[in-house]
Each structure stands twice: as structure tokens, then as C-alpha cells.
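The two complexes that follow have chain A in common; it is paired with chain B in the first and with chain C in the second.
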Partner chain A sequence: MKLESHGIETDLPPGWEGRIGVRTQPTADTRAAGEVSAIGAAREVPHPIVHLANFALPEQRGDFGSGAVDLMGAEDVLVVLFEYGPECADTALFKRRGIPKNLTPSMFSSSALQRTLPGQAGCQIFFTEAGRAFCSYTVLGRQANALRVLPQANDTLSRTRIAPR
Partner chain B sequence: MTVTLPRRAARRAEAPPVDLAEHGIHRDPVNHDPLGSATFSQRLVQRAAGLFNKGTTRRSFLTRTAVLGSALAVGPIDFILKPGSAYAYTCGTCSDGWTAFCCTINSGRNSCPPNSFVAGWWKADNAAYCCGAARYIIDCNATCPTQCSCRCAGGSCDGRRTCCNQFRYGQCHTEIACYGPVVCRVATCTPPWRYDPSCTTSSATDNKTVNHGAPCLTTDCGTPISKKYDALGGASGFLGAPTAAERANSDKRGRMRTYQGGNIYWTSSTGAHEVHGALLTEFGKQATVNGVLKYPTSDTRTSSDKKSKYNNFEGGRIYYRGAAGTFTVPKPHFTKHEALGGIHGFLGYPKSNVLTSKDQKSRYQNYVGGRIYVQGSRVVEIHGAVFTKHEATGGVAGPLGYPISDLSSAGDNRGKGQWFEKGFIWYTATLGAHGLWGKINDRHLANGNVRGYLRYPTSEPTPVGDGRGTYATFERGNIYASTTTDGFQVHGAVLTAYLNTYGGPQGSLGYPLSELDPAGTSGGRFQRFEGGRLRYNSNGTVTLVS
Partner chain C sequence: MTAVVVLLGLVVAVLALLVVGLLRSHAEILKRLHQLGAGLDPDEPGQPASPPPTPVTSREDFQVMPQVPSPPDREAFGGAADLVGVGPGGNESLSVRIQGVEHDTIVAFLSSGCITCQKFWDAFAKPRKLKLPSGTRLVIVTKGVDGESPSSVASLAPSTFPTVMSTQAFTDYDVPGSPYFVYVHGPSGRVRGEGTGPDWEQVSSLLSQATVDAGLTSSLEGQVVAKPDADAEREARIDRELFAAGVAPGDASLYAPDLTADEGADDGQDHAHDHGGDHTGHDHP
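Our next item is the complex of A and B:
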């Protein structure tokens, strides 16, 4: 199944599902009446978020997968591509070029999780592709199964393209 | 209480550095997996995970966790006594997978502790904590090399972990690639890009964390102080990031919050106002809201002459003039100073704080152009040539004592006078200032002061040199007094004869014993002296009578 939105395209393998979207509401800065309306400062800017998984994604998910990771089984894998503003591209954190497509078990850590859950492991890779800054965040339902599930994740990432904005 | 989780050294060798930076993985190479290399997971996290390992289904585990959470994980303290809406917040345990809040591990400060940096943020919408607006959670990740170890924070109702989760949201300080685990989380209603200018506006959302709380966190939604902070530019403004949570003051009247660059104080009657820099330092010396100044009634302002900055307070004002100093003008000095034109009046800027006189009878403050004395309810200024003269005669310890009136017009369209406890100082532009006291002053007043015959003094009471008496000169005569005689005026031809013919008070006539008589029927006027009488004849001559 092919997904394409916001300059991001992926062709999901069988058994996978995904979402590409940009949060639109509610916005931040909508504080209590009169509180900051006069400041005129910058507002938050949502950017595209990609969630790809070999399990059923719940409707309510955090951008880095909260709500979904709670439901992961031992064979499950979640791939998140989170985009940042163009000002982040090519900075020290995002100096790597290109979507990671060769995830290995050694890259994963049971600590590298937004919320550490027993058995799970994660891997964050910050990169710049087509002038756009991203974080690739991959979560394994069971770290011990990394060798078995990572090829699926790599396959999915290999099918993903990012076009210039 | 905190629980240290020692590394599993006995069972597992220390992991070698794992540098994956070339792959875009910037976790601290020497602390690649804090959880995997410690007993932490066995002690706590895997205690819960045991349900999995023993074949419990994922869903039953989650159900149990949810029930446990419902039973135990609601804060015992709601915020009904704190600003904003009352709400219950979700407590956290060491096994829930989340990181503790900074105020739990950083001595109550809702800010990143040393050896950590603002590394990223997310928000949760519709937060009661922020009165329905977005709540921001800012991660403080350890700087490389990591200085902390994975452990439970141990806070009451915030027992979450610290230095365990190697996760980075990534919107802040992107110039720093390497990062250690999340040390703690800052919770704020201030947008992160205002909290720390290094943060970008790239939004990340996780609404499941909306009610994560800790006893040390207060609501931050629309309090007057937070509004003021926002209005001043938040963390991007001169106040910088908060350094502690907003708190009630011990006076049970107002509240305050401290920031990197200053403080904001609030009461219902004064509103919220910032104080910063040297003005804040001086405010601190004055015991802040517990001192004479009480609460600020203005932010820092610049004076119209551009020479100073100042804050107004309920109890006065503080002026800052760079190298010229920073001084407090408290009431009632302040009220008097303002009534006299303030810094634009003849007193000008303060050049000292309020001081106590050596005799402990007054509190005074020096200004560029003079001084204000406060004695009980009496508040009096003294300035210019009169002030100089008063000081030259010994000030409040001299023969004049304290001023008891301001300098005021003499009513003759010419000069001015100021009343002191024991005398007067009279001033004209041509004669300058001269003080009178004792018997000489008494006579001058009795004879109509400057509107009498003698007009203005041209000297102070001066010793005659005989060890007995003094005299003062005036525009139209002299007054003489001694230890045994009162003060009497001698003027005109009588004075000339008294001085030139009879040697003055040290001559044969000694000191005067009366004023010159009014014109009598005998055709002459007499003035009595210790050694005889002088007659002022109708032809203008003076003769010794007896």
C-alpha cells in the first residue's frame, strides 16, 4: 500500500500500516484569555510525522509513539519519522545525510526510548534528507527479537522517499 | 529520598564505549545504555515486567498497570489552594518508564540542573495545569560525558527515574550532537522557544502526559506573575528562565517568582512587577518585601532625564545611576523628595541611603543638593547655601540644632529663612547665608527679624574675645550679648561712637543694657550700657551722658 503526503512517500509491505500527517489542532499559545495574545511572538509549527508499524496503530498516539508502544507485542516494530523545521537541517545533531535503511541490533538500546517499557528497545537517528531535518525513531517490542524484526523495518525504510520541500 | 541503583559490576563488565555518531546516533558513547548496564531493570522496571515474563498477556499487564495507576497514582494534593483551577495530577513511580520532574531532583527548582542542557520538548494540549492551554515538557538531557547514574528520583508522588532514558526530542541546542540520558523534565506553560531561545518551534505532541505531576510543581496558568513574565518576553527576555517555582511570600499577602535575570513580585493591590539588576540587589539589601519598601508598584523605568533607572515601591523608590550608585529613598523621605520636585528639584538625586544621625535622634538622607531629616513626624529639607552654612556651624550637633522648617520666603521679596531648633539661618543672594542663635537670635526676632531695622545678618554670632560675649553684624547694625546681659541692637551713629570712640564691648561702656530709647521730650534718645549712657542728639551727634 502506498502512502504519499507532505513530500514523503512510502510503499508499505504487507502487514504494515502507516500514517503521514501534520497535526493541525489544537495549537499551542491558545492560553487563557488575554494572556499572551499581545505578545506577538512565534507560534509552534507542526511538521509532518510518519508512523509506520507492523501492528494496528491506535487512533490516539503521541508523536513519538506513546499510546502505540504500550500495545506492542514481542514481534512488533514501530517506525517514526518526525520532521523538524528547516533551521535544524545540517546542524550538528542532524549532520547525517539520508534516511537510515540499515538498522542493526547494536544500534538499539533498552534506554533509548521516550518511555522505557520492559523488553522494548529503541533507536533514534537524526538526519537531513533533501534539505529537511528528521528524526528516525524505531521501537522494537522485544529487543531480543531484533534480528528477526529489523529486516522488516529496514525494508520499510528502504521504500520510503523524502522529496525537497 | 533517592534510591541509587548500582551498576551490575559483579555480573556484567562495564560496557565499552559505543560510538554510533557516524550513523546519526548521538547517544553518549560512554553511557550508551544506562538501563542495560545497571541493576535498575531488575529492581524496578522488570518487577513490573515480570508479568510479561511469566506469560501474562500484554493486555492483562496493561490492565493491571492501569488499575495500579488509578489506585495509587493520583496526587494527594490538589491545587485548590494554588493559583489556577484545582485539579488532581498523576503521580509517577520508578517503574512507569517516565523521567522525574526537575523540581523533584533539583532542590525544588523547575529548571535543568548542572551538567544537563535543554535538549528538546513536547506539549500536551488542554492541560488543566495550564488552565486549558498547552503544557510544555522540556527535557534536560545530560551533557557528554554523562555525570549521573540511572536511579529512582525517590520523590514523594514523583518517584520516576532520572538519568535512565536515552531519548532526545531534539528541538533545542541542535548545535550539540552528543547527549546523555534525560536527567529530568521541566514543566511549564511558557512556550519552549521563549523558555530557551535555542529551542525551535517545531511542535511535538504527547497528550498522554498532560497530567504528569509532582508535588513541587505548581499551576502556571495565567497567574499575574506568569502573565507579566510572558509580557516581558519570557525566557527570551531579560528575565531569562525561571529558577524556582512561583511561591507565596511569608507575609501571606503576596507572591513572587525568581528568574535568572530578576524577580517578579505580586499582590492583589500592587499587581505584578519585575525588579532586576542593581535595583534588585538594593531591594534585597532592604529586606525586599519584608522591609520598608514592601512590594514594587512599577517595573524598572528610565527617568525622563535618561540619567537613572528606578523602581517604585509601596514604601518608596530605588534609583540606579551606574557608577554614581544605587540608593533607596523610602517614605517619608520619598514623599518629601517628590513634593520638592524629586530628582528634578533642588535636592536632585539621592547620594546615600537613609542614615541614622550620631545622636540617634533622626534619620536623614543625603542628596546632591542637600538633605532630608526625619524626626518622628517631622520631615524637613535643607539645601544649598543654607545647608552648607548649617554644616559649617556643626550641623545638628552645632548651636542651631535640627531644622524644624523648610527654607521659606522671608516675605520681603528678597531673602529666605529657615527655622532651626535653636536659631535661624537667613539667606539672600547677595549676602549669602548666615545663622543666628542664642540671645542674638532672640533679639533679632524680637526686633522684627529681617523685616526689622537691622535687616539681614552678615555674620554668625562671633566671640568678642573677652570670654564674655558675642556679637553679630547685620546690614544696618550689630547685636551684642554676653553671659550676663541680653542681646541688644546697636546701630547708626550710636554704633559708630560705641565702636570708634568708646572701644566697643571691651571698652569703657561694656555691653549694651537696652535698646536705643524712642525719641523723648528731652530732645534726645538714650541707650544704656554697662559703663554709662549714650545720648543720640537731634543733630545726629552722640555724647556720653554718665
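Our next item is the complex of A and C:
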């Protein structure tokens, strides 16, 4: 099942579904108010976000999977690729090259989660690919099942391509 | 005296012929009635009763309300497929898995333009009132950007259910028009019910019936004697491998080819898999 948008392409394995999109840009009203709203902060320029999961993704999701992680089962995996502005590419934080495709259980920790939920674990890796800066954020529904479910996540990541802007 | 005796004999002979004719006629009538099943005691064992004649309604006699599409010109349910398309507004690329998942899915094919569809858009904006069957996901499908206005769909699409703009999905599911609804059983990936109606209440009733029927089937399946673990594991592995190879349930390749057309031409040939059964439940060493 192929998905392609915003220069990002993936061929999802059986059992996976995904979204590649850009969050709605803050409106003139939110810019004028100068406050952080549900759709982002004023002067923020949204960049593409990829959500890939081996479970049914809910429509109400945050950039880093809030709303989706609450629904995860023990065998579920969520992969987020969050793009940052072009000024971040090749900077110290994003010096790693290429999409991480070989995640191991030791990379995961509950302290890496954006929102801590019992049994879950996360892994965050910053990288630059095709001149574009990304964060790869992976969440496991249950850390104890990492050995069993991580091959699925690695397979999905290895099927994902990022093209230059 | 002799003439009287002869005359009496002739009269008796004629009457005897009449009686024989009447008896034969009566026997013929009884035979026909027996063939039609009349006069049989249904409680009596060993007496097969003929089924009542089935009323036949031709497709031409079947009419629907003007605001809903006519049923498709086919006998069985259509196919099911995973959904790939763009989101409302055309800004997002998305895929929704329908087959090989634990939950069931109701796929609602709608249009931004039709008046009847508006009732469904309004209903889907209030998810709590929908009373969806438990363990069921609702996915809305419109035609792609070639047949729909992304901005119109974006203004109608509810925030709680996935909305996929995909013309291909209309083809995959053989949708006769919108609004149209297909109920897909997730684990098997098979369509269990489809149809349409003027509002969500009617469609919900239709889908509930499909769900009840499915529940009955499941309860009957629960009465089947369990297979040994090794057999069950082997079946599950084969199913997984077939699905990974793109062979979904109901795929034509799972069934033996129809050899009646060229019967005789292959006489004497050795067929490797010509035993008429399907291969979903067992493997060959």
C-alpha cells in the first residue's frame, strides 16, 4: 500500500496504515492574537508529518502521536517522522545521516516518551535526509514486546524514502 | 331369453370399463398430488416434504426510492480493498487498512453534492448519536479530486472519522452510486453486508442485521470441535504467508480451476492439484 506526499514516500507492509500531511497553518486570527492554539503557534510554519502505525489511527492526533498512543495495545507500534525547518538540516542535533532503520530494544525508554503511559516506551532520533531535517519518534505499546514488534517498525522505516525539496 | 342375457352381459362389461377408467383416473390424480407433497404428515419420519415454491422477483420489478441508488447488477457482494487516497482538502495522503485487521469497518461512500448524502454528513458530525456497533470503525469515502471539490469535502468531513478521497475505492467496491454503505469483516476482509437508505437510521438497521447474522455465524463457529494446536498454528501461518503474498481471502487462485469447459481435452493428464478442494485449510508436504 503506497503513500506519497510532500516528497515523502512509503510502501506500507500488511497490517499498517499511515498519514503524510501538513498540519493546518495557523490562521490570521491566531497570528494576530499571538497565542499558542490547538493548531500551532503564531508565526509557525508547519512542515510535513508522517504517522505510520500497525493499528487504526484516530483522526484526533497530535504531532507526536498524542491521542493515538492512548489507544495502543501491547503489540502496537507508532512511527512518527516530524520534519523541522530547512535551517535545521545538518546542524549538530541533526548530524546523523539517513532514516534510522535498525531500531533495537536498548534504544527505547519510558523516559523518552512525550507522554508517559504504563508499559510504553519511546525512542527519538534526529537526522538529516536529502537536505531535510527530521525527528524519528517511535512508540511501543509495550516495551516488553520490543524484540517481537521492532522488526515490523524497521521494515516500515526501510520502505520509506525522503526526496529533496 | 338368450338376447336378454347377452344384453345384460354387454351392460356389465361397459360398466366394468367405466369403473376401471375411473379408478385409473383417480390413481393418476393421487399420484400427481403426492408429487406435489399434498396429504403428507410433516411429523411422519421418512416422508420428504417438497419445499414451497419460491416467489421470484426480477430485478426489473425491484424499485428503490428516487433519492437512493439502485442495487448493483450482480448476485453476490462486491469486493473489499484497503483504502488509499487523499484527505479532505487534498493536503494529506492517507491509507486506511480494512482487510486483515481485528476490527470491522463500515465504509460510507458519500458525495458532497447529493441531497441525501447531506443527511449522512450531518449524522456523522454527531458521532455519539450514531450508535455504531462495538468494535466497528466508520470510514467515509468520496471520489477523488478528479470528481470532487477538496474544499467542499473538507467543509463537510467530520473530525472524528477518517475521510478518504479516492475514486479507485468506488471501483474496488463496485459502488452503484452515493450514498452507499459496505460493512467489511476485518479479520477475513470479506464484505458481510452492503446497501443504502434515505437516512442513517435505516442504514444502521440494515447494518445491524448484518452484524447479528455475523454474530450468529460466529456463535456457530464456536461450537466446532477445536483442532489440535499444531493444525491451528499451521493454518494461521499459511493464512499469514498468503496474505503477505497478496493472496486475500476469496482470491481466485485459492480455488481449483473450472475444468468442465475443457473436460475431455485433458483426459489421461495428471493434474497436480485436481481434487476439487480449496487449499486454505491444509498444506502439502
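Just so we're on the same page, the second predicted complex is superposed on the first by the 148 of 165 C-alpha atoms of A that agree within 3 Å, B and C clash if a C-alpha of one lies under 4 Å from a C-alpha of the other, contacts with A are read in each partner's own complex, and residues count from 1 in each chain.
As a working rule, a contact is a pair of C-beta atoms (placed from the backbone, for glycine too) under 8 Å apart; a residue touches a chain by one contact, two chains touch by 3 or more.
This one's a predicted model, so the numbers in the text were calculated from it and none came from an experiment.
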Room on chain A for both chain B and chain C (clash or fit): fit
Once both complexes are placed on the shared chain, angle at chain A toward chain B and chain C, C-alpha, multiple of 10 degrees: 140
Chain B versus chain C as contact partner of A:Arg96, first or second or both or neither: first
First (chain B), second (chain C), both or neither touched by A:Phe127: first
Which of chain B and chain C A:Tyr84 touches, first, second, both or neither: first
Touched partner set for A:Gln60, first chain B, second chain C, both or neither: both
Dominant contact partner of chain A by residue count, chain C or chain B: B
Touching partner for A:Pro14 - first (chain B), second (chain C), both, neither: second
CA minimum distance (chain B, chain C), superposed complexes, angstrom: 11
Touching both chain B and chain C, residues of chain A: 60
Residue numbers on chain C that touch chain A, as the complex places them: 82, 84, 86-87, 91-97, 100-101, 103, 137, 159-162, 243-244
Touching residues (chain side chain B, partner chain A) in the complex: 18, 20, 22-27, 32-36, 41, 45-46, 48-49, 52, 58, 62, 96-98, 122-123, 125-126, 130-134, 136, 150, 161, 164-171, 174-177, 181, 189, 191, 193-194, 200-209, 221-222, 226-227, 230-231, 233-234, 236
Contacting residues of chain A [partner chain C, same complex]: 1-6, 12-22, 56-57, 59-60
Touch list for chain A against partner chain B, complex: 23, 26-32, 35-36, 38-39, 41-47, 60, 62-64, 66-67, 70-73, 82-85, 87-88, 91-96, 100, 106-107, 109-119, 122-127, 135-136
